[in-house]
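So the structure is just underneath, and the comments pick up after that.
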Amino acid sequence: MKTPVEQPIPLGGAAPPEERNLRKVLVLGGDRVGLELAERLAAEGFEVVLLGQAQNGSGTGGVTFVPHGRLSEVRGFLGGFDVTLSAQNGRIRERIGHIIAAAPAEVAPKFSAYGLSRTDGALALSEFPEWIARSDPSTSRDGKWFHAAFLCGLEAGSHPAVFSRVLDAVEQLGQLQNVQTYVFTRHLKVAGADLERRYRESRERGTLYFKFDEQGCAFEQTPEGVKMVFSDPLLGREMELSPNLLVVDEDLLPPASLEPLLRAIPASPAGSPFLQPESTRFCGVETAKAGIYAVGPSRGVFAPDLIVGDVEAVVAALRKPLSEPAPWTGLSAPEVDPEKCTMCLTCVRICPHGAMGFRDRALADPFSCVRCGICAAECPMKAIVLLGGVEGNETKAQVDRDLARVSAPGKIVAFLCSRSATDALESAGIASDHLSVVKVPCAGTVSTSHILTALREGARGVLVAGCFKGNCASVYGTALASERVAEITRVLGSAGIDPARVQYAPVASNTPGTLARAVRELEESLV
Amino acid sequence: METDALIVGAGVAGLWSAWELALHGATATIVEAAPYPGGHVARFCCKATGRCQKCGACLLEDVLRKVRGSDRITTLLGSTVLEASDTDRGFDLTLLCRPPRIFPDRCDGCGACTDVCPVPGALVQSPFDRRMVLDQQRCLRFQGGECRACEEACTRGAVNLDMPAQKIPVSASAVVLAAGFRPFDPLEKPRLGYGRVPGVVTAAELDELIRTDKWFPGAGASRTRSVAFIQCVGSRDAKIGRNYCSRVCCGYALRLARLLRSRYPDIEPTMFYMDIQSFERDFEARLGEAAREARLIRSMPAEIRTGSDGRPEVVYEGMDEKRVAEPYDMVVLSVGISPGQSLGNLCSTFGIDLNSDGFLGPDGEAVTTSQDGLFVAGAVQAPRSIEDSVSHAIKAAAAADRYLRRMANREKQ
Amino acid sequence: MSRINLNDLDPSFKHRVAEQPGGQGIKACFACKACTAACPITAVDARYDPRKIIRMALLGMTEEILHSDFIWLCSSCYGCQEVCPQNVSFTEVMFAIKNLAAAEACVPPGLTGQRLLLKAHGRLYEISDFENEKREKMGLPRIKEHPEDYDALLG
Amino acid sequence: MEALLYLGCTVPVRNLNYEVSARLTAERLGITFRDHEDFGCCGYPLKSLDVRDTLAIAARNLAIAEREGLEICALCNACAGTLAEAAHVLDHHPELKEEVNLRLAPLGLKYEGPVRVRHYMRVLWEEVGVEAIQRAVTRPLNGVLVAPHYGCHYLKPSELTKGFDSPDVPKTLSGLIAATGAQVADYSSLKECCGGGVLGVSEDVANALAAIKLADVAGTGAHALVLVCPFCNVMYEGQQKKIAKAIGLDRKVPVVYYPQVLGLALGLSSEELGFKLNRVKPSELLNIVEG
């Protein structure tokens, strides 16, 4: 199934598909995880394209292997992604339902961070299994001890998954006679399954740990080997060690092949190598864009047993019947007025979820849209409306109409985000007769014209209350809202109107005091 | 009553597994012993300091909103599992369901009942609104006593002590155990002064005070400036059988320290620790930042005692390798995550074992147990942060969904 | 102090200490420093520092430890042992270390004197007639010495 | 109840006031002490040289008690601790027990275990109890203020003292003192070590430790420091003059044994209780009690 490549457009939008094939899955793999995932999906009846992985002997049905390919472009929406792969025999275009990034971590040995180079006596952690398979340190020198030193986050960070691998090696050496192992670190990362217990067992077998604070360890590398010179943080005495074996730890990084996916998810934060935004609202395998999933390293999960869980979760996510998300908001997907839409594609660029596409006008994909309303607020032509009310979809009222209903002279109009401020209002028990509440799905829904309307209707003040920065479920809805408020206050100020009348307040759903304080402060500033 | 999945515990993990199962089209029934949902997280505050610190506490309100909007999920508060037996179609269970003892629509949260209640903690304000809830596992009347003080004190007729509890039979195809954890009881470590030395609190107590807007640094000479956080209280401690890292406390303490500082910049936090665990994807890059926000001392105190000025004093080996007794205005114990109280019961009810750290289910990160159709989610199985509990709950729901489908297919054939 | 070369130290020492009765726990130490904070001796004499002694033992600084005078400064108050989260019975570990030193004849003279007293009298203080008369005056029973048992036991 | 009274080395030679007051108070409170002339040193002094020697010597005493079928009640913290610990170690390490029994065999002794070993204070606390003591008091020590000193081996290792007292928040000695009607002085160095354990190695270190508590207790205005161990007594009473001189302490701290205090409350006279052997006379205390 091949489709013509569309003209490049900003941020990869196209028209939401009319027909969706949800049974075809592209898996970006590269190790056992990708293979296992592909086989699991195939067993559940999915048609899988597995990228970056040589076919294994079992010849599983339902999996198409593209061993040497890489992803070069992704466009479209859940159930209808147009994907371009670069393979050995040219470019392949596929129509794909779901895309799963399950490639292994980039493993980067930290030799240069320590000023070392790789030699026979100085290995990277990943090389240890092969080394131990062909070496027998305990019998090679009679009676003399074999000293093996491991670096584990000595220069900066480490990770429970790295410590776990260091322990694997230390445990193997611990079985041998006359081998003394050392681990050089800063903060031992024991916050993982079984690590504290294994840490203790390694000590009981004789492993010695050096935990450094500021000052670390100097390495003198000669053709004969490495000499480590340091001050023992516990004794405060100068020491040196010339280990027979030095094992250098590695950084575990997200796979490098994610770039085309990052481009397909507008909310991907600039510079971040992970597929999900830095927000606790994205704690599963789903990304900000429907149909694109992150497993393991792609979302910052490196421990093998956690990756196994991710595989289970993503297979289940694909099993979910297709439903329009966010039913609790009671909003249906935004509608674009064809008369007003000028195809400026602001909405396509701004939608954090990549849910906007276009044909003859902008179009929202109802299965990708989370009803944050950012498109409607940003549309310069006011061509986009969100239908339904936050309270329930029975009224079919627009947020604007809600606003008209509650706006009254002398009141404070409070636009409250349904993910934070609305809850806070309930638990705070704020009994303010001066407050007119407009519940909005996201602070990003509140446009400058909403605020100006409220003021025009005679509101004494306007409060826009949303989530904290870095917490918005639509990633930057909260930032957009505070920018709009800042802009309005500038305008008000230059028009001689008290700019304090409009305020933005980040509010937590679970700490109602933050909302109460914001209301109080606004009221006080209006006196 | 029939349900696809019965979920034990309405904490963040139980709620999230229920929601995920509902998304798959399954019906879920949540059984919660407490009179309100949310578990421990319902007492946690938002730690944002102008920007989100990713503590994850808001994930509870998120999932509550979703669960409330789902017609596939039933939540039974004040209820417990009395018996369970496995059948070829899943589990037959008997639940003890206690009706709400305070009518939410009549209660206005005036607190008259709490004032007369002889048992501390039996009548508390719901974390989600201002109304009162009665914990029937503490109330004297439901522990064989005769007390009716609250009923008599309530002027709005909101208290209802007489409606009997009911035993309800339920058949469920799958069960998810999400009974959560128990915060380590610092009284087990008397040398840390909790309950004895004024000014020593647990991190969770401080957290709840902030959530309910009841913590202020005070004023004048008694203003709280120096705050010591003591890590690994009840964690990494083989002596008391807790030789595991609780995984969350480093992040918890550093976030609380940042939060206090952002609200009251003159507060000076100190953190006594062994190894700081990462709690954010980019934490290592920010470790230096943490060191500027709190004085970090790699040393475990031997004792916390009342100093001569009445303030708590932390006795530890200082930087100059001398024993120091340092006074603080407040000492916050980062108590660890202990296995939940009801685990013994759950083990015998469902015929499964504790793992090597004393939690429920298998070692490691798995969500399945030795029993077919029985799953574990969240901190019931290992110490987990809120975010990790949610992640684990999603996996448990995924595994339960697979199991439910397998069962349904078998039935069709 | 000169630089210590770990390659020259004695990695087997910690295992030797662990084989002594009471010395078993030494290797479990993870250097949390609570022991030193609980040690009354460290507070008055910096030469004695539990976590440093454990460290030296673990590193295998055998000679320096066994020939030191500081290992004898432990008052056996058990303070360190009480606060240790890893169940290192450090008071017992100290005894194990001192025993190893004693086996190499590195002992303060007073202690060997006590051993001789026990062999000679079965007690630290000789019971003479003077003692027993004093006791009798206060209505207390006489005390007997059993040097033969102690001599036999101590070889 | 009945127990074998274990005197150890120091008490029967240097602390007859402790011994005599312990015997008299025990008798008054229904505890029958039986003497055994075969007991010798507990083995503690050799522990630094060879733990195995200590175990063998302790096992000798334990075996004697076992033969008599009675538990041991010791007056000295170190004796009580050493014997109790030896019993604990031998009961949990069969290989050590076997080794020790090989050494005992020529003496015609064998330790099978378990043998119970308790300090006299623990016997008072557990067998008599604070309430019974209160009832037995005929002369409440109203107006007397004393500072308790437990001693390390009384409280630790907690493995052996669990269920009796807590090294973190000790309470039994204070409770026993309060039962006599005397007031318990609260002071910050309550849990400090006396230093007796290192006296043989470094008098300076030992004195420095004892000095902390002496200065502290002097500051409380207590009429006496109350002890239950002859080792601690060596430090607080025996070394007091030297320490006072070294740190410039001008107030003498009278040092008494708990059974002496208890005896006064039970109506025994200071003479019977051996107060004339106390080197720093608790004159104020005796004035209050006996006038």
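Letters are used for the chains, namely A, B, C and D, taken in the order the chains are written, and counting of residues starts over at 1 for each.
In this section, a residue touches a chain if its C-beta (ideal position, glycine included) is under 8 Å from a C-beta of that chain, and two chains touch if they have at least 3 such contacts.
Just so you know, these numbers come straight off a predicted model, no measurement behind them.
Looking at which of B-D and A-C shares more C-beta pairs in contact, the answer is the pair A-C.
Of all chains shown, B has the CA centroid lying nearest to the centroid of every protein CA atom.
If each chain is reduced to the centroid of its CA atoms, chain A and chain D end up 65 Å from each other.
Each chain gets a centre from the mean of its Cα atoms; for chain B and chain D, those two points are 46 Å apart. Distance from the chain A centre to the chain C centre is 57 Å, each centre being the mean of its Cα atoms. If you average the Cα atoms of chain C and of chain D, the two centres end up 21 Å apart. Residues of chain B found to touch two or more other chains are 191, 236, 238, 243, 298, 303, 321. Shared contact sites, meaning residues of chain C that touch two or more other chains, fall at 28, 30, 51, 79, 82, 86.
In chain A, 200, 211 are the positions where the chain touches two or more neighbouring chains simultaneously. Interface residues of chain D facing chain C in the complex, by the touch rule stated above, are 7, 9-10, 12-14, 16, 19-20, 23, 35, 37-38, 40-41, 45-53, 55-57, 60, 89, 93, 96, 103-104, 106-107, 152-153, 156-158, 167-168, 192-193, 195-198, 200-202, 204-206, 208-209, 274. Chain B contributes residues 191, 232, 236-239, 243, 274, 298-303, 315-317, 321-323 to its touches with chain C in the complex. Within the complex formed with chain B, the chain A residues making contact are 153, 156-159, 187-197, 200, 211, 213, 236, 274, 278-281, 283-285, 300, 303, 305-306, 308-310, 312-313, 315-317, 319-321, 323, 327-328, 418-420, 423, 426-427, 429, 467-471, 473, 506, 508-514, 516.
Put simply, chain D touches chain B in their complex at residues 166, 168-169, 188.
If you check the complex, the residues on chain B that touch chain D are 190-191, 196, 303, 305, 308.
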